[in-house]
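Chain IDs A, B and C follow the sequence of writing; residue 1 opens each chain.
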Amino acid sequence: MYLRKSFRWNLQCRLLILLLLLTIQILAENIDPEIVIAKVQANYDLIEDYSVTARVKVDIPNLRMPRKKIKFYYKKPDKLITKTNGFAIVPKSGMFPVPTTFLSDSTEVKWTREDTLNNSKCYILECGYSFDKDTLSNFFLWINTSRWTIDKITTNESGIKGSSMIFSYVNLDGFWIPEATDLYINFKKGLPDASRPSIKYPFGFMSFGKQFEEDKLHGEVKIMFSDYKINSGLKDSFFNNQK
Amino acid sequence: MNKDQIIQTINLSKKYKNRWAVTDINLDIRQGQVFGFLGPNGAGKSTTIRMLLSLIRPTRGAFRLFGCANSRNIYRRIGALIEKPDFYLYLSGYRNLKILADLTGGISNDAINEALEIVKLKGREHEKVKNYSHGMKQRLGIAQALMSNPELLILDEPTTGLDPEGIKEVRDLITDMANDLGITIFLSSHRLYEIEQVCTHMAIIDHGKMVIQGDVQGLLRDTNFFVTEVEVDNPDKAYKLLAEEEWIKKTTLSERILKVQVAGNFRPRLVDFLVSHDLKVSSIVPRTHLEDFYLSLIEQRGQI
Amino acid sequence: MISLLTATRLELIKTYSRYRTYIGFVTISILVPLIMWLVRKYGFDEMQGNTLNSLENSFVFVGSLVNGLLISYYLMTVLWVHFPFFIVLVGGDIVASESSAGTFRLWLSRPVSRFTVLTSKFLATFIYTSSIVFFLGLCSVGCGILIIGGGDLLVFDKGILILSQEEALLRFLLAYSLAVCVQMVVASLSFLFSTMSNNSVGPIIGTYAIIVVSLILSVLRIDALDGIRPYLFTSYFDVFFAPFADPIPWEEIKFNLSRLGIFIAVFYSLSLISFLRKDICT
């Protein structure tokens, strides 16, 4: 009898401890995403302006273009100039993984889980985002907890396969800034098959209405950054004149 | 062949479709001769010249220039003016000559200027040819033939379109070139007087065939062709009387002057005949015109 | 005998002394800058939008693909139907005008052969053709860059191909060199007709008629025409767009060039036969 009582007590204690531990664990892991975002943002708050050269390599089916060099000039809060010789394409968002550049006030952010990326612990935040009225999408930010940088972004868009961006960083003057960005992107519809002008088609031929093959709906863009100049004191007049 | 043989044709013949334009022409032109080439329109003069200049190919026969056959280089030694000279109207006279000079080779600018001087186009040479008169174009044509200091000059109707003064100048020029420079000249002309004045030798062709060839004076002498111009008090009566006489080849009456074609040794008989028929003879002049000779020959061929 | 080089030089003097030689140059000098100015003023932006609209969701376009090179590229389509007019204007006239003017009599009584005369005229036609084709190229690319601006060139080749300006300029050079060959076919055809005629109107109209009919036959996708298409010179006319492919299809270029070369050789040979038999005295 004593033994049975003792055993029951022991079990209750164990369950209580387990419950306690679980509660502590849950309380401990439920990270406030805003704090995480703020920590990432803090990385860049001291950057007033910067200029950088980006080398872009595009590998998208039915699109061949030379590697392009693009010069970016940025100044807080929203002054940005891009210069390139000729024509280039750059990702619409996430070119520089500064949270404020792609998280608006209406974006919902929530902590989801923790994972490992390149042997670094990452918090994964889910962000609700709408491209337009009809397309609701969400994306996930992989935040490196050791340096508080966004190391990866993955997107889910209705109707197409997800896309992802992977960033690698370098520390310059105490700032963690992107050294390279790899973008793996999927399209709803690809670029048209087109042929050069000929006697038959004097202005070239394009098959816009064509159903694209699966392997032609995926592309890659690689960007390498160099020649950073941070807080060099870019003047407003520089941006105004360039316009 | 003789070293001084400049043009030699051997049975030179040309057939256009079914018509023989020239048949078996045998020319022999020697150095220093001024050779007149006579014949009515369509006789084959231009066809012969075109063959000599290789503008058309003979159907039969051959020709030699300076003893050479089939060599285009020989044309460097020849100056030619073919009928109406056609130039590039949009270029100046000088530019036209310059192009032809370069095409010939070895002709200096001085030679061009000298030729322009000779044909009296100096001062107008930089005007476009389209502004030239017909006579000026003709003179430019002569200039282009002269500028290469040719050893042989082939002139096809060179005085066409020239005014009387120009005709005389060209005629004098031809004489000077032949006499002073020793250039051999092959001259085709309708102007019988011109041939008579400047040519030492001549050939007459008709219907593509050679009629006669030789030196001008010799031909007139040897063919026993004489015309005697007679003035009498009653030319109509004399004309009727002479026309009936068999020993007289032909009599024509023009502007009260009788032209009697009779051998030289018959002239005293002619005077006796007129006097015996109560006609008063005021003058009797022996004349031998090439024109009369030529017309007589052509007429004879027509009768044949 | 006079050298071919001298005769060609003299031909060029004559050719470039005529007003009609400059009609093409003047037209190009007026029309090309005007087109470039109109594009600069009124734009051509839908071109870029239509082509790359499927990327607009994900990418930002930096710079513009609508530039002088793009307009120059599309201007090259005039080389098929419109531009040959400037070629036949000279090619169709170069022999016929001398036949009608009677100037051959003067030329051919000089120490120069008919072969040299005709070949020098053919070479002069070739030089004229090259000069006006390259003038179009220089004018269109030069004015394009000066008036609209340079940049990368967007072309279609197995999708969309964007060439850097430096690369595009080299390819324009190659393209216009090939265009010379294409236009030489036109020139040699008009040259052939020119040797057969005593006025230049016939060769111009005749050549144009043949170009238009051949183009129609080349374009029509009728099975019955498959057999004759290889024998139409217009079937090889689009070779000057080949350099704007990546990689450059050298085999295709070589094949088309050899065919165009055969047409040029045939037309020239026929011209020579015709001219050697021609009565230049009438």
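In the analysis below, a residue touches a chain if its C-beta (ideal position, glycine included) is under 8 Å from a C-beta of that chain, and two chains touch if they have at least 3 such contacts.
Treat the numbers as computed from the prediction; the structure is a model and nothing was measured.
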item: Any chain in contact with chain A as well as chain C; value: none
item: Closest chain to the centre of mass proxy, which here is the mean CA position; value: C
item: Centroid distance [mean C-alpha coordinates] between chain C and chain B, Å; value: 52
item: Where chain A and chain B are represented by their mean Cα positions, the distance between them in whole Å; value: 103
item: Residues on chain A engaged by chain C in the complex (per definition of touch); value: 60-66, 68, 70, 82, 84-92, 131, 163, 185, 187-200, 202-206
item: Chain C contact footprint on chain B (complex, rising order); value: 46, 50, 53-56, 72-76, 78, 80, 82-91, 95, 99-100, 102-105, 144
item: Footprint of chain B on chain C - complex, ascending; value: 1-2, 6-7, 9-10, 13-14, 17-19, 101-103, 105-113, 279-281
item: In the complex with chain A, residue positions of chain C that touch it; value: 51-52, 54-55, 57-65, 67, 74, 76-77, 80, 150-152, 154-165, 167, 215, 218-219, 221, 234-235, 237-238, 241-242, 244-246
